[in-house]
């Protein structure tokens, strides 16, 4: 068997006196979804930020597709094949949805100028898939609704064509219809052999898509279970702790 | 802003018995505004990236001294350089200075206000040291044409040719909506006609002065950079949210540095326009220009909070500021009263413009 | 464009355009007033522009004045060597140019001034008269202003023998940005600190800064140390009466303003420059010969304060404010007995 | 900043053979920094609320002229006012000017950069108009004591009394952790000792000069305002997020206006210190002070992005800037070279400070 | 019977060409929870902002406790007795949790100075009730986790002692344990006769606390049903539309 797409060993991050992530070890295989749940402030987002290059780890190792990854910047993480949807979305509020979907990876024409038409076409296709009739492609995203903003951020993460996808609360602001479509989408991505780490407070969604479910508490990984071993009640008991 | 500018111009024409709107004065106005306009275009990008540059006036002074020092007899070196070499060296130097400031801001993450305030002091002092406080003159006659003085305009045929080419380009870009292109075409033709209505030294039409052409080229270039390239997109993304830009994988530091370097280079261009226009390099050149430049950018809709602004707006802002200066001289009031009036008109204009924009929404 | 001379003789009113360097010191206001009065007497119109100490702005100002139909230009050059293009525009429009107060090195101007180098020389001479030896400090004007150097050169002309002979030591030599009095005060405090709190004389280039210097000396308990200045500011004349300043070199700006009015109307009327009353040829440092009308600066000291009062420049009350009218008072302020 | 200041002082002491650290020079330094320090304290609040005020230098010049014009013979009115009345009127006027700027910013929502740039022009012009450009002097002897000149210090007994009172207050506030109070107590006693080491005109100890006491009182007051009152809390909330502040029910406009008014009033206080120190009011007073004041605030840790800053930091920043100026003149460095050195040291200091803060985290 | 605590009639808001809220009419009685659900961009947040004074309506009427309310500013809305938890939380990121909980309504000592101790005590009590052991009362809220920030915002809205409470997605970022406590809390508030408008994509929570459920679609209120008429499946069908 080849190496898992994402391997984490002993990952640790301290903020002053607090250890937000404390010796976390686990892995996610290609074509697998691992859901990560836990109380507020458990350290889930910190873990994701460490993997996305936004924060620097104090200790531990990370391997992506078997290769050690230093992840010193978001750019480096992207180059290593890790795409991230951040909990706080990380949108440039003054730019429109199209620009945000392609931010940092703009399409260019042969002259080296921005290829606005190609980008708009592609963004429209992506967003339409998530929310049919998504119209506001040319308005600053500051004017969009909470859920619409989340859809833009999801579209951006999808666009990167990564091998490992980190999704921090992707459905928190979504309506029931949009959420269902995102769940479908995650299932399609898994079929295409992506490795997905899904952080979610929505235990239902977690149960619907994950093969394994990890639980964090106060910075530590306290449990990691196969989906089959769990049902809604037992997962809730685990997550609340 | 455009509407407010029109009102201001009409008012000034009225109080000056039409002198303000005479072709000669309009051409003067454009030439006078060109150095500030050129720098304001670059300032737009720096401010859009949530930074500020207070050093540009001093950089203008310093590079102006260097450009002059390299080309005059008994200047910096024993053998004077030909003016094109001096010019190129000066602009390269200005660009390097901008990059130096940008490096402190982007890589060492110091507040740009302090870094460029330090730059303001350093290069003001350096400008003095270059020549020991002397004024360097006279400059090469060919060089001084860049300033738009004697022989510094391109004549009527070339003016019409440029106007026609620009019209053709606009028409081509807007062929789907030709009516929208009309105002721009009309403005261009009017500008060309005005420039040609001023007699040159030999009595024939003088045509467009070089500094104005330089300003036009710079504004067009920065506009393209801002709206059509990755660099420009990234500048605005950084201004909108530096963290989001970083997380999107943008090279925030590199982009910031390049924005400062570009503004530096444009300060060098402005230094060339200024020294060529003066026919000399003096060590007070550029003093307090930074405020005029930032004001022009902000008047043109650039937000000091970052993420918004346009080169076209900055040029309009520069014209605004210069119209006030130029126009107030036409009023027979003492200079102190003039300052008071300029300040009050400025507030009134900004208030009117803000209200107009709010109502439009 | 019809020539200025033609328009003047054809009975149209003469338009005189004046480009001022700045209005930061009191005196320019007085120049302006007397120039305007002189023009009004002669039925000429006055246009003005203030360059606010900027060569760029002065260039624009001159262009604007030409655009507005000036028949003759009076230019107070901020930086005389950076006026080439403005002179070229004027020449192209065949408008005569008067270099007012500050010399412009160009062949076709008319020079009307007090001699600035001479001002510096008088300052130093007056200081030497009361303090022939000791530790001196120079408080010079703005490094950005070319006049600073002219005045300082004059000061050195007078002091060089004393310095070379070792009678005078220079313990401070500083520019003051923008000629600002409060900056001059801080600079003076530092010079004092450096010298261990003592000094024998301060050669200061104008009256505004002399005010700052006097305040710094007073705070250090050194009131009465010789201090020079120029411009004849009311506050400075009062300090002279009080014994806190030695000399203010007075250039009667009113005379200069009146002369400018007279000369400009004459030039606009077609009088050749050489034929102007009182004019004599003047050779500039670079060897250009221009027609010139030079007025004499006057050193105002404790002894001759009456001169400015009698000339109506200032009132006796304002000069003598706070002065004890006893026998120790300067002659101008003594109580009549 | 404190550590960097210590390094700078030692370096300056070393190159000046100790003169820099002589009691007289330290007292001079404190007096020289007081006007800028007073305004920087107010600037902290304006910047913390995400605004900027460029007009303060001109407001200083204008109100200084008015204060002087009201008290000299033949000034503004025929009958001169007693100096306390003139002083009160001047500060009230400055406060009103600040409120006028604040009103445009808060209620008409114009960019503060442009509004206060207009103010810079208007009040610079107005300062000239007040006296027709004349210098107004001499000022009342009692008034000039405020400036810290002759008779402007309070003598040794009063200095010790104030120091003792301040020590007692600090000790009372910190009685739970007496060790933490030690550095502050030591600093206070050192300051008092230094002030008393300078001989006054009569040979006895001069004691603390009035401008320094004014600065101390202002800094303490602004510190209390910023950290202990609703107004201060709201200023910082607005700077952190204007929308959040508005939604929380804060009167954003009223608070903004009051921050500008307070800075205006402090510019009036600075005008009093400056004119009293100079013993005259000149019409160029305060030129370019705005940059020094903003730099002091930013050096002291105030963020131009809003929401952060402290009065104590601003005072330190002002001392920093003045130490550089003071030290360089002491070394008799020419002004051009001085500017270069000050600029470079400024960058180095900010870089060191930024690095230290980052490492501390 | 007395007037309902909150009455809305014909409420309308346009943004340029889009009508975000289109003639919405309904009411919430004292001691009642009305849940508001709908797709992303349906106009729920816009409706809440209109009621909170953050936006100005183009048409329609609002009555609070029978009295017409103009709601021209957030302050005015608060004075009329309407407290709001905003979807985007509206925290001052540079201030700490205590300061945020009391923002705009700081406690003062008799001398008029801020009473930090009283505020910290009260904030601790509130936050502890929502998330036992919530410790970070003195750190800038920018450093808190997404869920912790939401708890701070909830605490602030509770503190206002209002008659009408608007909660826009109060549980979106909360962990399962915290969510359960917020549900309990809402039930306690209802018992204390508050009128609550609860916007939520979390249909389970909506069903757990609401007496009536309203559904918005493209700016219009398309249905308003009694809780008893609905079960999870029928509500999901209604919400997705």
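In order of appearance the chains are A, B, C, D and E, and numbering begins at 1 in each one.
Note that in this section contacts are C-beta pairs under 8 Å (C-beta built on N, C-alpha and C of every residue); 3 or more make two chains touch, one makes a residue touch a chain.
These numbers were taken from a predicted model, which means no experiment stands behind them.
Contacts with chain B and chain E are shared by A, D. Of the two interfaces, B-C and D-E, the higher number of touching C-beta pairs belongs to B-C. Computed from the mean C-alpha positions, the centre of chain D lies at a distance of 45 Å from the centre of chain E. A straight line joining the Cα centres of chain A and chain E is 28 Å long.
Between the CA-based centres of chain A and chain D the separation comes to 50 Å, rounded to the whole angstrom. With centres defined as mean CA coordinates, chain E is found 73 Å away from chain C.
Those residues of chain B in touch with two or more other chains are numbered 128, 133, 334-336, 338. Under the contact definition stated at the top, not a single residue of chain A touches 2 or more other chains. The residues of chain C that reach two or more other chains are 23, 143, listed in rising order. Checking each pair of chains for touch leaves A-B, A-E, B-C, B-D, C-D, D-E. By the touch criterion given at the top, residues 15, 37-42, 45, 87-88, 131, 143-148, 150-151, 169, 172-180, 201-203, 236, 239-241 of chain A touch chain E in their complex. By the touch criterion stated above, chain D contacts chain B in their complex at residues 50, 52, 54, 104, 108-111, 113-115, 117-126, 128-129, 133, 291, 294-295, 298-299, 303-305, 335-340, 342-344, 346-347, 350-351, 354-355.
By the touch criterion stated above, chain B contacts chain C in their complex at residues 16, 19, 22, 24-25, 28, 32, 35, 128, 133, 135, 137-138, 144, 147, 149-150, 201, 274, 277-280, 282-285, 287-288, 325-326, 329-330, 332, 334-336, 338.
Here chain C touches chain D in the complex through residues 23-26, 28-29, 143, 172-182, 185-187, 189-191, 193-194, 197, 207-208, 211-212, 214-215, 218-219, 221, 233-235, 238, 242, 317-318, 321-322, going by the rule given at the top.
Residues of chain A that touch chain B in their complex: 52, 54, 73-75, 78, 84, 86, 89-95, 99, 103-106, 108, 112-114, 156.
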